[in-house]
Structures are given as C-alpha cells and as structure tokens.
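In the part that follows, the structures are each spelled out as structure tokens.
The same chain A turns up in both complexes below, where it pairs with chain B and then with chain C.
After this line comes the complex of A and B, so read on.
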C-alpha cells in the first residue's frame, strides 16, 4: 500500500468511527511515514475541542479530531480543520522590532527586554499589562504574579473583560462564586434548548452539532432562538423570537412574572434553596440587598405579557409559551448564551435574570436542565477567571480588595506582608483611557504591554480608547504577537511570540475543563513563549535591584529548580525548555490557590493523561482523580453535604442558598433616533475568529469570507437605493466606514437593523461602536448603538 | 495532495438521504463510506488546497446536508499551505524585517 492510499484509508477510518460513534481505543489515527501524533486543545474558541496534531519534519502536517475527547468526540469545525495552517502564514513575526520614525527595525531580545525593564523601573505604577483569554493558564499566571505580586499595582486586565465579565458578575451575584454549575452534557439530554442572543451554529459549531446529531436520530429537541437577527442557527429553530435590542431583560422578567402569576414556579426548590435579591436603591451593585418573596412578586407585577410585548416586540403569546415551558417540571431546559447577553450595558443584570428564571422554575442541576454560559476564547475561563487576571482579582477566586485574600496570596507566594496592593487596578476601558490621556491630564499609565490580543482592532470606540495614545510622546506601547496586526502596526516595541503547539500550554474551557498540551514544533525565527517574555523582564528587573522581583527570602519571583534542587535560569531562553517544565512548575504553584473556592485542580500529570478534567477535581480513596459534571448537586459535587440535595456553599447570604434577582428593564444608553435611525450590531462569522489575525492567514478561510460587509434588510436597502454589493457608508456618532451591502446572506437583520462582522482589518467597525459598559462588570456593549446608512456608489 | 475525512449529516427520510448521498458520491474527488443513520463518512482527495476548498463547498451545498464536520485532515505534501491567491492585506500592516 502506498502512502496516499494509507492516508485515504486513515481518513475513511477516522470519519467512519466518528459517524458511527464507535468507541475507540486510540485517540489518534495510526502513525505512518514518520508522522508523530499528540493531543492539544484547538487554538480558537471557548468550546475546547481536542485535536490530534500530526507532526513530521518539524512541521504540523495533519489534524484529526481527538476520538477520546468528550467535548467533540473526534469531530472538528471548519476552523479546527485549519488550525494547523494558522501557524504557517507567510508574515509571521520572527524578530523583536523597535519603532524608529515610521519603520520598525530589528533589535535583539536582550535590548528589548532591557528597554521594557528600564521603563518599568522608572515608573512601576505607570506600567500595565493587557492580555487575553488566549493566554495559556501558566502565561496568565506568570503575568498576574509579576504585576500583583511583583509590581504591586494591579494594572492587569484581559480582553476577556470585553467578552465574559458580565457572566462572571452574574455567577458571583447568584451563586457567590464564578463559572457554570452545569456542563456540555446538557446538550445531549435537554428537551428544550433556549438560545439567548446566541448563534452556536456559527460560533460554537461543534456544540451545535450535538443538537443536530440528536435531531438526525429522530430525537425531539425543541430549539428556541431569542435574537435580534436571523442567523444560521435560526434555520434550525422551532421558534424564532425577534426582540428589540436591550429588551431581553423584560422578556426574562415576563417569564418570571408568569411563573408566579400562574403558580407554576417550583415552590419546593425556591423555598428550600433560594433567596431573593435586588438593587435596593436602584444603584448597580454586585451583591445587592435582600428582598422578600412578596416584594419580588410586586416588582414583577408590571411585566405582563402585554407589557413585555410592547417593549420587546415579542408577542404576548410567545412570552406565555416560554413561561409554560419553564413551568413544566418534567421538561429539561438548557439555556445557552454568550456575547449577546454579556456585551450589554446591563449584562450583569441579564445574566442574573437568566439564572433567576431557571432557579425560580427549578430547572437546575439535572443533566439537560440548567443555565450554561459559553465563552468565546479558549481560556477565558481558565486564565482570565480562574487564574484571576482581571484587575480586581487574585488567583483562585480571590480579590485584591479583601485583606484576607491578599494575605493568603502573600503567604503562598512567600512575599512580605503588604506587598499586594489592595486597590483594584484599571479595568480594560479605564486602562486604555488612562493610556490615551496625557500624563499631565491624569493619564497614569505610560507603558502598556499587550500580549495575545489585538486591541487596536477589538477595543470599542477605538478612536477614543486607542488612537490618542499614539500621538503622545511619553506613552510606550509593547506588543507581543505572532502576526502583524493593527496593534503591532502602532507599537513602539514588537515582540515575536510562539503560538499554540510551538510551546507548552494549558487552557480552561467553558465547562470548567482544564486542558494541557506539550510543545510539538519550534516557533519560527526568534519567536518565544509569552511566559518566557514576562519572566525575562522580571529577571532583568531583579538584576536591576527592583525589590518587588524578590520574595521575602530574597529569591527571584519565578525561582525554579530542577529535580536535584538546583536553580534553573529559565530567563535564559536556551534553558527554558530543558531540565524543568516551566508550565508544570507554574501550574503546580497556581494549583495551591484553587481550593478556597472549591475549584480544586489535579496535579499537572493528570492533565497530561486526560482530555481535560472539569473542576473541582478531587482525589478518591484509591488515589485516582475524579472530575465534577454538576456543581452544587448532591452525588455530583463532592462538596455538597449528604442529605442536602442542593447546596450553594458559597452563597452570598451565607445560608447555602442561591439568589434569585430582580433587575428591571432599563433602556440602552444609545438608541436609534431621527438622526441615527438604525441599530448597529457587531459580531463574528463562522470562518473567522475574532480579529482574523490567524484565520485571515489561512487561504481557504480567507477566500470563503474575504471581507466585512453590512447586513441589512431588503426594504431598508430599497429605501436607500442600495442593492447587494453596493457600497454603503455606515456612520455613528463616533465614526464612519464604507462597506459592501449584503442582503439575504447567511444572516438577516430585521428592518431598522444592521449587522457588521468585526474580523476585517480593512474596516475597523470598532471605531464606530460604543464604549459604554455594564456598571458592574465594566464590559462594553458591542451589540447595539445608533447608526445611519447612506449609499456611496454602485459597485 | 490534501486528504480529508468528513462526517456529513443529512436530513430527511431514507429516500431523501439516498438522493443526497447519490449527489455527494458523484462529486469529483469524493469517496463515500458506509452510512450510519443520517451520518455519512466522506473522504475528499484533491490535487491542491484550492481544489479541496471547492469540493468541500460543493459538499456543503448539496441539498439535505445539515452539517459537515472534520474527522481527519492531512496536508503533509502541500508545498505552500499559506499560498494561493488571496486578496491583499491592509497596506501598511506588514512590518519590514529590516
């Protein structure tokens, strides 16, 4: 058999095994012709699919769905298919470069590290790091320790602030602790799936395929799409409920109103396990104040189906239909949401209300029956939320404002008492405002280091938050990335980074699953790991005598030693991969933080063997490690006491109860008017991930979706004299762009609405979006602002 | 010569599925495996990435195809995976190395 024939048979065997759902002993296809296989989670979204990566001659040459991975059962979406090619764009960054005039010129790593260290030493409190949910767990942990444990200023925030911060505050306000209680297993058991402003057919296609698979096998699964535009997902929905932007708050309250009015709420569950909560004085508050059941009922009084219909445009009959579903105890209902709920000026409130509807109706804690928020980045949960790279957070669910938490971290890090600053650092919007404001005008950030993200493209209202800094002589922007981006273009210093399987890594996905992989190929040129970059700068500061880089015994903050107890100088890249596994040492240190909030992690070696494990992961009597599918549920969660049934053991009311919140509908900060008569919504498309820096380098993906467009309704287009392909100018109060019109494409905006994807660097739609944000989570609203449209010319 | 193993999910009753698999099987470069309910294993083999892309798009356009997912992809003998004709990136975003 020749090699081609072997490869073809391997492809057929893999496809057949996946199609037939055959149990398999081997995770990867058989080795052939020198191809070596190893596991890694996909580089792209927050689903956390595992791939098998085939390497030959130092290059990734094959990709297969990992047949032992419970998340994806051997299957991948179009982005996962191309994940190997994302490494091989022709314009990878390969050398550190410093801006001189209008050009970037190469400099040595040594000079680059020294330049950063000198700037930090000069003004440590004016230094900030901006990372992402694409940081691996060890990378984020190193950055977090460097800033909070070393520089004591807390100015570190991830771009996850822009995508899931409202989910965090929603979980904390409801359960007292972050992250979903349920998991993806729900998709295999739900009778009804309700999508709250969510388009999984494009954004989380492998999860959506579980639903398609069930339907194709004849299972009756009802899909309800609550959205502001038709998407690919809508085509599969039994009910599409199109609501006016922002009125999702009213819809959730309308369901709760009917559950109480009709007596169909789960009285036993509510009385046994829930309290009621609101923002007593009407001011936004993370924890709020208690309210009685009667006061809760009264607050919901006005959310009659007719009132909700008037606000939302969803018919009273459909509101009743939703409430009837939630009122049925024998149904299993899964709610899914992502950016539509989180990127919302009342994102925290809406997250709380979705939880509230599930708690009130008792649809919680059973397989297929519960609320499950999704994330957009591969380690938004693992790195941003669990490691705590948010400006107010510390590892393992701790916060900087809590003296006890600071003390615990100082002890675990062996730091002198008082090293960690109790004042939260700048959150994303505030950080970039400070960087874009002259120092003389109070802009207290003068050096900003960006890793693993592209803020010039992805920040909202970029003309206000990003661009001004580039005109200020004393503001210095450092960017670590793998490809040239809008942000590297404006950077004062560019650092080339290793990507995905060019380095060791760990991610944490949307269902609390921690995943690990090993480096498989070398990065190009002088590209290096982001964690190494952080450690190297920290070491240079240590050598310069900066006290914060020492623990209380005088040891380096990132002191690492080999199995013989000898210190290994991992700040020297030649020693970074050698006698120690830096990821393992960082993870084992971080793991100690994970027990306070019952997010227990297993030893690194367990993740090497597994396709991820969902925390809390606890050790059994026989020494093996057990993951947890459902939190707060007796028999599932090891921390629920026997006989309790459900136990919300981090309850904010300290009585093991979850909080059912009331939050009123509030109008958006900006809505269409006579001058700007359209709603503008932004988002992603199937082929491209976020700002397209990786997927736009993959020719098939780029050809499939080469550029951004404005999706609009046929009648709106006709009124403006626009046809498919014509150029239209989109204007908001913040900027103007020209885009081709797409009518009747894969999505369909209702009359009066526009949709523009944000992946395209040619048309930076975020120069037009709002930076108004949820007052609690500080997450901006990319999903709605007012815009106007004008015809430009015939294409 | 890129080679892909796909799982194609097809909607409808048996006759509809049979029609769809007939159309799929007639596509150049496509080999069908044994149908498992509504799921059909499909291998796509073409001379280059661009041709592969065209066949994959054709597979997804076949009436009745609900989902098309990847199980295996080999591009070990693709000479320049980043090559092929694509539009220019934004002028000025490229950084010179000298």
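After this line comes the complex of A and C, so read on.
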C-alpha cells in the first residue's frame, strides 16, 4: 500500500468511526484485528440461541449469530444482536450498598456478607431466597444446596413460578415427569403450527423465523393463531381465531369432543399408550384419578361446536376445522404455547388439555408432530425446573415431601440424615405475602434475598405483595443485581453482580438443551458472581459455627479442591477464578442428581465442546455422548425398551402410559362487569426483555420502543373521546395508572379489551394485575382481569 | 423571507434536475457508445432470463399482492443494475456511504435500523422496495443482503420511536458505554492487481450486489457483469465461522 492510499484509508476509517460512535460511545473503536471470539448462549429468552461474542481489550466489541448452533443456525433477533450492549449501561451497580435513611451508602463486601450472615444466623427459618430462571445452573444449584441442604428451611422459589409453573404441572400430570418430549426440530417439519395464545414473532423471534421462513423455500406451513388480540404473528397466520379470554379451555375440549364424535381420534395410539384422567371430586389435584373412556366421552358430550362457539366466540365452523386437522393422521401438527396458557388461573388444566388433544389424535412423538411448551427465561428449564429451585422441589425432579428423595439428596450431599426439611417452603406468592405481613401477624419471612430478578416490577398485585414490607421495620430486603431497578431502590442491601460473559455460566433452554459458556471479560468495579455471593455467605455462617454449613464429616458445604487435592478457598473472590472452575465443580456434583428422572447430563467437558446438548445425554459404547431429540420414542430415547414403540416410563399410573386429561371449562375469577367493563391483558414486546432493566439501557432497543402504552380498539377509544397519544387512566380493583393510548400500533385488541406491556419502569402495570393463581401450579394470571378506562382531562 | 426561500429552493431544484439530466445523458453516452466492448459487455447488457434467476422475494411472496405491473418495474431495475457501466470509484462517496451505513448500526455486523416508519403490526412490506433495492433521486433503498427471511422486523427495528406520544426520558439512563469494533476497511491483496479478499463476514451477506451493486454510491463493484463474486474474492474462514477455522486465523 502506498502512502497516499494509507492516508486515504486512515481518513476513511476515522470518518466511519466517527459516524459509528455518534449514538453511543465515547472511545475510538478498536481495530478489527485480534478480536477473540467465543460462544455463549444469548442472555435473554428461553429460545436458547447461541451467539459468538467478539472480545478485545477486555471488552465485548461485537456479536454475531452462531452458525454452528442448531437452535438458531446463525440467526438472532434484535435483542440478541445487541446483547453485548447490555453490559455497558452507565449506571451499572459496582459496589455493595446499604440503605441509610433515604440513601444507599457504599459498604465493603466483607461487611455486606457479614450483615447477611448475622441476620440468617439470628433466624434461619425466617430467611428466604427469591431467584429466577436467569440464574445459571451452578448459581441456582448453589442457592438450592445452601437453603435446603444448609438451612433446612425450603424457602426458595424462582420468578419462574410466575412464568412456567403451569407447564411443569401439566407435564407431570400427563407424562409423570417434567419438560417437553419433543424439540425445536418440529419447527422444521410441521405442516401445521397451532399457536395457543402465543406471539412468537415478537417473543421467540428466531423460532418464528425457523418455521415461517420455510415458506420462502416453497414449503407449505399452515399457521393457526388462537389468540385474544391481533399481534405481529397474526399477520403471517392462515387463520386467526379470536377467542374470549379463558375459553381456550372450551376450545381444547371442543376439539376432543369432535375427535370422539367423528371417530377420528387415533384409536391404536390411545389404546396402546394412554389412560384417561380427571379431578374426580372437582377439586384441583396434580395427579387426579383415573376415568374410563366412556366417562371421558360423556364428560366431553356438552362441548359441541355450537356450545364452544357460544362460550368462546370462535365459530363452530372453525372448531370443526381444527378438529379435522387433528383428525388427519398424515399431517404433522405442532402446538406452541407460552405465557398465554401458563399465566392462567387454570393453567395446569389448559396445559393438560393441549397434551390431551395431541395424545388423543396421535399427533405425538414424530418430527413435526407434537406439543412444545416454550419458556420465557434462558434457564427456566435448566435451573428452576431441573435443579429444582422451587419451594417444593429437590434437584433432578425430586420433591421435599418424599422421604426417599430427601434421603437420596442427603446421601449425594453427604449430609446427616434428617437435614432436609420435609415441609415445602413458601411458593412465590406466599413468600412475598409472608414478607409483606408483619411478623406479629404471622408473616414468618423477615429476611429475603433476591437474585437475578426484579419482583417490585414483576410481581402481580404489587401493592399487596411487595410494598407493605417496605414499611415494616424488621423486614430486610437484600437484592443482587446489575443495574438499579424498582427492587434495588427499595432494598436494604444492594449487592452488585457480574452478568452473562462476565462470569462462567450454564443455561438450559426450552428444548432440554444444556449450554455452557466461559467468562470472557471482567465485571465492572466490585461486581461479583451470584454463586460466589451465596458461597461467601455460607462460608461466613460456617465460620460463625452454624452447623448446617457442614456436611456430616464437618466439611464446608461448598468444599472445593484443586487437581492436587488441596482445598481452594473459593469464598475469597481472589481465588474464585484460578485453580478451580467453580461452575465445573458445582455442575459435576449436580449432574449426579440427573439420573433418577432420566434427565442424564453429560460431563462439563462435553458441554464445553458443544453448542448445547439435549438431555438425556447418554454415553454410548464407544465412549461418545449422545443427546436425545424425542423422549419416550423408540429409537430416539435410549430409555425406551425395544419393541415398545412409545414408552412413558415415568407414567403416574405405573403402566408406561400417558394420561389424557379431562378438565372442564371454568369461568375466570374476575371478568368484566358493569363497573369494570374491559379485559386487561399484559405482556411483552419484541425489543424489551421482561422488566427492561437491561434492554431499556440499549439505545437501539430503547429508541425503537421507548415507553409503555395502552392498546385499545378504535371504537372504544372513540366512545371514550380518546385519540392516539391521549392519556387514559386504567383502573382495576387493585390500582390506577395513567398511560398514553396507541391505536393501530404493535397489536390490535378487540373491542372491550386492553393490552399494556410491562417492561416500562414508569408504568408499573403489575400494580393493577391479579394475584389469583392456578390452584395447582400457584402461577398467577397476568393475562386477564377486569378494568375500566377513562380519558384524562388535561388541565 | 418565505418567498425568497421558496425561490432559492426552486432554483436549487432546477439546478439538481439539470445535473441529473446531464448525468443521465452522459451515462447513456458512456454505456452506449464508449462501452467496454468484448463479450463481457454483450452478455451483461441482457439480464439473465427470468427462468434462470434465483426466485426473488417478490416472486416468492409478493406475486399475488403486488401484481405483474410492479414486478415488471422491479425487473427493469435489475436490468438497470446489471447494465455494464464504466464505474469509477469515488472515495468521497464511499466515505459518505460508509458513514451513513455505520450510523444505522450499533457495530459493524449489527442489523441496520430502519430510518423510516414501518407498519408495526402488518405483514412486512419491506421487500417491495428492499428486495432489489431502488434509487430515486438522492434517496436510495438498499437491497437486502440476505435471502429467504420473511420476519424482517425481528432484527430491523425502527431508528425513531413509533409511538404517537413522547415517552418518559431520563430513567433509566441511556448513555451506553459499548464501543463496537471498527469496520475492517478494505480487503487485503496478495499482490498489486490481485483480487482483494472480502473484508467482512459473508454470513447474511450472500447477495454481494446489495451493497456492491449500483444502489449505494462509492462502494459498487467496478465490474458489475461478474456475478460469482466469491470465485475471486476470498472470504475469511474464521469470520464465517467455518467449523475447522481457528481463532488465530482471523485477520
């Protein structure tokens, strides 16, 4: 290159750089050479895309879709492409801080750890941990062991309770074991995709593209959108069936009714592999009681297309259309669902009914043919469900109420017999109720440690569940997070956390895929790993002589040793990374729990090599590890015996059969009436993830969707005298909020319905939502309650 | 004051029109008379028959909606694009184009933001303009660099708020300290006269001419008749995440 060309190039690079940094940065972009790339699953949703992270000079400088990842095959969504920016918001939390008066003042890590340990020591049974489906697997496992194996109190629950608890109970009731039998491969092969209250174009965009782009390759993919409002997904759908909230129960029963009436159900599959189940006395029950085929048919008698039309508003002809599709053996039908089904006061029942329709029609266990439940968080499956960070659960699908399960855990953890408490702890709603109730009034939780979530923003009916605790002098709230949130603002103690590629981690996505990544950059300031925080507090309790922090040989619960057999004091953060990989040690200990329910996990080293592996991952004769695409299917699942075809080997009826449930339509706990005439639904938007604490700090995402709004029908707005952009007041029996109206925007609510996204910290819509929940899963219903709207007259 | 401004605008408009006219005539003269000659030019002037071309977005999905007249318009555009022209690289234009591209991206490789309003809920009509790309006066719609993807808004979000009101500003703070890697600049050449390598990943950029065609000024190919770009311009295996590539292989 001659000098002139060099000068020219430099000038060009400078001009490009200037333009590139205009919107955000203040330093010169690093040159493109010498960037180190490594894999990591995306930080955001439950899809589980892999990204390639480009690092230079100790900072993330680029992100690309990972082309070797089977989930996303090189594609990401707008959140994923900008995930690297989530690390660099200006107001990262960098020091532990204690509340003094109205202010938070910095304290040392040592005093912070001491403060927590002293409170726990004073009242161990009044201590609870509230975590999330964004906990990495090792983080959740450490918290789980600390609470259940160390403190013996079981008060640990994740925000996943608000998210997929109903999916769990649906799977357990149907197959006897949690998590989908099928996988994303279905999306490459399905002829028909049925969305049950689901908007994947915005919420699981990469999965949406995975099937909708097949149309560009000339394939036929029929998309049927069952929903209560029009969304971006609807625009791509062949059929949009708009139903009245809660009547999805009736629609599922209507399909089953027709399959029986017309004899189009899969007789061979049902006779060979299924039983029938119901809640005999009408009372909610996880396992229910058997029923005969005749009783099942009789229970469905009244769900004629006409009756379903009357309840749901979906035409009888459309119900018949759905039943005809399910009645065709040669079609491959995949059902997808997420929060529309799970956040439902009959969420367990609806999950069961979707499985029932698939089992009854034999649309199960073939590629493209089966029910696939999607999760919202990156490790709702890996951590909350598999590690079992739920108040009633133990690792690997075990439950605290089962003495045998407790014994197994005590053995694996080398604990004295009887260490694990047999009484389930508080589930989310109960935990926060106990924290918000005065101790004298029976509120038995006085210290609550929140990790990786933002409950002040995301809990339903926050005025009842969250706020009262902040007025009670003896209730102490500890929050580990990366940015200031609604919750940290109210916290008595704030702990700064490392996030995503600032630490080692593992996630488990919606299709049973366990993923691993390494730390690539340092966290800012004094921010530290959540798992370290848990281990450091446990160690302080050990030093204070708390017996529970020792195993039966007197060793520390989180004893770790290097390759030479020397103990490594990982509770000292300077030693946390170095001679041992704490994640690897925790995972290797944890994976021993995975065999009982045939959710076998491979050694850590296998995940280092892979872009995730779907369990059960079983070692073959030649020493290699093989993942499983379809569970319970001969030839796919290594635990299905030869000649069985299908084998539901965790069947609740102990006969290798799945349960086809009947659950009746039941009205919602709150419906519009004369006083509150509108339905209110809440949810997400493409650009923001949950409460927006990360995505609202990413300029391209914030600019594309800077604030919350209320979506309503044009005619309703006209009646109320509201125009686009006008302020409306939304009121429910629990609260009142003012927010601007957006008509003809992202979605379209039918007449009599409102939709408000929940990402915006300026508009805490969950002060208005219901805390009524599914009696089995304890998951609240954020999707429907009664509201009224009025125009706000400006002065 | 207003009148004077209007008159100035009018004059300026007239001047631009005149310049455009001259440019069009010149182009015609250059391409028609002073062309390159040889078999290259002959083959390049004619577009490949429709049957030989890979189906475009508009053919695959827009056929029923747009109708044949519009399709003809697209076809004409691709004829114009493929027409052989004496392309002279203008570095100033290239700098401006790169700067404009960079301003719409958080870092090189990030999906560009959409600098105009879009239908927030409907079926994406993006391919109507962005399938083959368009240029109208000084404004251009770049062609899509990738094929077969239909949920455009999943990656490409609007650059400006679509809301009919001003959302609350201030909190959380929006100044983000992320600094993206610099664009790689020009590809390297093994020797003077060798074809330069591709200085960026080719994943999601299979249609080289979407950027290096005739729509964006300054970065167009000097030899638009050649369509098999990677035959001469080597991509980088590490950037393209080829399974056997090692990190050390990155440039």
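The rule is short, and it goes like this: the second predicted complex is superposed on the first by the 760 of 795 C-alpha atoms of A that agree within 3 Å, B and C clash if a C-alpha of one lies under 4 Å from a C-alpha of the other, contacts with A are read in each partner's own complex, and residues count from 1 in each chain.
Everything below uses one rule, namely that a contact is a pair of C-beta atoms (placed from the backbone, for glycine too) under 8 Å apart; a residue touches a chain by one contact, two chains touch by 3 or more.
Computed from a predicted structure; not experimentally measured.
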item	value
Touched partner set for A:90, first chain B, second chain C, both or neither	both
Chain B versus chain C as contact partner of A:736, first or second or both or neither	neither
Which of chain B and chain C A:106 touches, first, second, both or neither	first
Partner chain(s) touched by A:37 [first = chain B, second = chain C, both, neither]	second
Contacts of A:566 with chain B and chain C, given as first, second, both or neither	neither
First, second, both or neither for A:725, with chain B first and chain C second	second
Residue contacts with chain A in the superposition, chain B compared against chain C	C
First, second, both or neither for A:488, with chain B first and chain C second	first
Chain B versus chain C as contact partner of A:706, first or second or both or neither	both
First (chain B), second (chain C), both or neither touched by A:122	neither
Overlap of the chain B and chain C footprints on chain A, listed as residue numbers	8, 11-13, 15-21, 29, 33, 35, 54, 56, 61-65, 74-78, 81, 84-85, 88-91, 205-206, 209, 212-213, 216-217, 484, 696-700, 702-704, 706-707, 761-762
Chain B-facing residues of chain A, complex	4, 7-8, 10-21, 29, 33, 35, 54, 56, 61-65, 74-78, 80-81, 84-85, 88-91, 93-95, 97, 103-106, 205-206, 209, 212-213, 216-217, 484-486, 488-489, 494, 696-700, 702-704, 706-707, 761-762
Interface residues, chain A side, partner chain C - complex	8-9, 11-13, 15-37, 52, 54, 56, 59-68, 74-78, 81-82, 84-85, 87-91, 201, 205-206, 208-209, 212-213, 215-218, 230-232, 234-236, 483-484, 686-687, 692-693, 696-707, 709, 724-725, 740, 742, 744-748, 760-762
In the complex with chain A, residue positions of chain B that touch it	1, 3-7, 9-11, 31, 33-34, 36-43, 45, 49-50, 52-53, 56-57, 66-67, 69-76, 81-87, 89-90, 92-98
Of all residues in chain C, those that touch chain A in their complex	57, 60-61, 91, 94-95, 98-100, 102-103, 105-111, 113, 120-124, 147-151, 153-165, 167-169, 171-186, 201, 203-204, 238, 240-241, 243, 247, 250-251
